[in-house]
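Beneath this line is the structure, given in structure tokens, with notes to follow.
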Amino acid sequence: MGRQVSGTRSSEVTVNAQQRLGALEQDPEVRVVVFNSAVPDFFLAHYDIAAAPSRSATSTAPTGLSAWLDVLARIAEGPFVSIAKIRGRARGAGSEFALACDMRFASREHAVLSQPEIGLGLVAGGAPTHRLPFLTGRGRALEIMLTGQDYDADLAERYGYVNRSVPDAALDGFVADMAVRIASFDKAALTEVKAFVGEVSLPAHDLQACTSRAFWASAARPAGSGSTPHRNRAWAGPATSRCTWGSTCPVSTTRPGRDGHRPPTTSTPRHRFHRTAAHQHPKELP
Amino acid sequence: MGRQVSGTRSSEVTVNAQQRLGALEQDPEVRVVVFNSAVPDFFLAHYDIAAAPSRSATSTAPTGLSAWLDVLARIAEGPFVSIAKIRGRARGAGSEFALACDMRFASREHAVLSQPEIGLGLVAGGAPTHRLPFLTGRGRALEIMLTGQDYDADLAERYGYVNRSVPDAALDGFVADMAVRIASFDKAALTEVKAFVGEVSLPAHDLQACTSRAFWASAARPAGSGSTPHRNRAWAGPATSRCTWGSTCPVSTTRPGRDGHRPPTTSTPRHRFHRTAAHQHPKELP
Amino acid sequence: MGRQVSGTRSSEVTVNAQQRLGALEQDPEVRVVVFNSAVPDFFLAHYDIAAAPSRSATSTAPTGLSAWLDVLARIAEGPFVSIAKIRGRARGAGSEFALACDMRFASREHAVLSQPEIGLGLVAGGAPTHRLPFLTGRGRALEIMLTGQDYDADLAERYGYVNRSVPDAALDGFVADMAVRIASFDKAALTEVKAFVGEVSLPAHDLQACTSRAFWASAARPAGSGSTPHRNRAWAGPATSRCTWGSTCPVSTTRPGRDGHRPPTTSTPRHRFHRTAAHQHPKELP
């Protein structure tokens, strides 16, 4: 029953995600959805500014939020348990997606999380500013958002950015066992428990909407007065010298040829939806 | 000045607790109350559904909440410092009780905490869904509530479920030193500090009341469509094959003879109230 | 561009801080301010009750809060990133100051944090009761506030009291690298991100104002019925037998000659403001 959604551009991921979420929300058998990455090195690496649905797309989203925030809110509030299995890089939108999930488990050896937008003069638009404090506390949320630096799995666990850092060899089994266990429970009870926890730990939609507006406003203005290698270093991160935004990276648009900024050479990351219903074992897709 | 409340059924514990709390609330000398367990293996293991006061009992509770939530709210908001010393199992209502205390210290070797209600298709009714996020953050609160699995003391500390995991041999001294220290301080200042912290970290009473209603509603409905060994495994937990709910366990009522579900063979857990006034050393009761 | 503010009495620190904050708030180049201590053993050790501006000084503060709360709120909400580098003792007002900063990094070997006010029957007046739960969670915030005990850097990190404990030899470089990195980013984006995080993690001003009123009320009343060595032990802390409040210590005023309570023999702690603008390396002042 595992299903896969992939897109070579984030707008496709967003649209596919919205369509897929509608199906997941209405399927009475779906109790758990595990999100992982089809490309080993990436969880979900970027949000495609150029191809993103315009802000007018907002009107059609069930939550009334813009397309990306709608996806995140429905992951966070939907009638199923959402688990992010993070094996590669979860930066920017990838981190935002993971933060919207109910739980996050990260490969000790391979996971990298960050919100690097600040390095480009951008305000992250998927409300990580409003989700991180409920996970890491205020001080560590500010550190993550204001430095834009990378966090490996062990530090992410110490900070509460992920639930737990798990040795890579054990990660699949760990998450599968948890998904199967949860999928054996009563869906009504799972949904009520999730809603109750959300009453004291989810940011209001109107606060989230502000982050999206701030993101577009920051993308439209010149990226600040400072321009140093740190800006790009923050973006590319210590684990790679490649920008993970590809052809849609705002830096490449506004500052072509800048040092340390090259389009990625690997294939575009794809994103996989993986649902677990009662009595089913999660299937790993090839 | 140590006093003991014990009951062979949870309804007695609840009624005794309500009576006892009235005395504690009005005693100008009581600064600290340490809660521990009289039976080595248990902190407080269960809430007695069959014998529990009916929902109509609500009207007489000072907080206006139902009996069990009234006990928990008065522990959390009362004019004394409440410390849970957790040496054995604190599952279900035992965990809820510990979560209502101001602080929690757990035996590294022997403590086990969990909210296993979800494994029976139940929604926990003592508002752990609303208390855990203020201790562990949203992601770990969801994990604890949605998996129903056991947490040992060290993992509970990493998650913030308890303040600290303490080696068993040092636990009594550690808690006693802290209780004596706090009991030497000014009661008015202690009460004001506790109230100030509560202003930003206690769930509203009306949110708590919803969890009690959801608990009774979930106990009344068939326990969901799925019925696998995981359901019982979640309940009994890895540390024991015995159900800790005894004769009032909803599983034994609705599914007699189910594998892995047997009534407990040890005596019913008892609960001990232990108060520490100024200048007094905590006394361990036999 | 490093600048220093020092005062031999806290009232001077407060007034200087308010003046300095006005300049920092209006300087379009200031992105990061690092606060550390000019005296090795202290971060900021005390608040000077005797010399403190009267409550009527409130009317002139931009936030409408009393002088000390005004300083703290402007650190927490100002258009610059504030980092506390904690190498020595940050007790009482020093801890309150650190808690108001966006991030806190502590010397593993030398940092000590605490809110020891409770040991004197005082309610801390700089709203640590309302800030700590957003960093450490409710249970650990209550422990810190109700025990008044000292926390070294490693335990402070485990509790979330500081972002991270850093080996002393690496602390200066760690904080400098972070400050330079952040200072290379766009100021508008930094400010918006800080504001967004604050929307879900800063206590309301009116709640903060209550703590100041409770502090003055607690300072005016007799310090409770209990009077034991623990009271002073809590204040002086395990790392020193000297009271860190000096001549203005309420204990020395109300209980002269009490055992274990002696005026400090070192010079009065001074406090240093250290700002980092874009492209500037933080300078360590002699």
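A, B and C are the chain letters, set down in written order, and residue numbers restart from 1 in every chain.
The rule we apply is simple: a contact is a pair of C-beta atoms (placed from the backbone, for glycine too) under 8 Å apart; a residue touches a chain by one contact, two chains touch by 3 or more.
As the structure is a computational prediction, the values presented were derived from the model and not from experiment.
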Category of the chain touch graph - line, ring, star, complete, other: complete
Copies chain B and chain C - rotation angle from C-alpha fit, nearest 5 degrees: 120
Shared interface numbering between chain C and chain A [over half = same, under half = different]: different
Chain centre separation (chain A, chain C; CA means) in Å: 35
For chain A, residues contacting two or more additional chains: 134, 137
Chain B contact footprint on chain A (complex, rising order): 81, 102-104, 131, 134-137, 157, 160, 162-163, 178, 180-190, 192-194, 196-202, 278-279
For the chain C and chain B complex, residues of the former touching the latter: 117-119, 121-124, 129-130, 132-134, 137-143, 145-149, 158, 203, 207, 210-211, 214, 218, 221, 223-226, 228, 230-231, 233-234
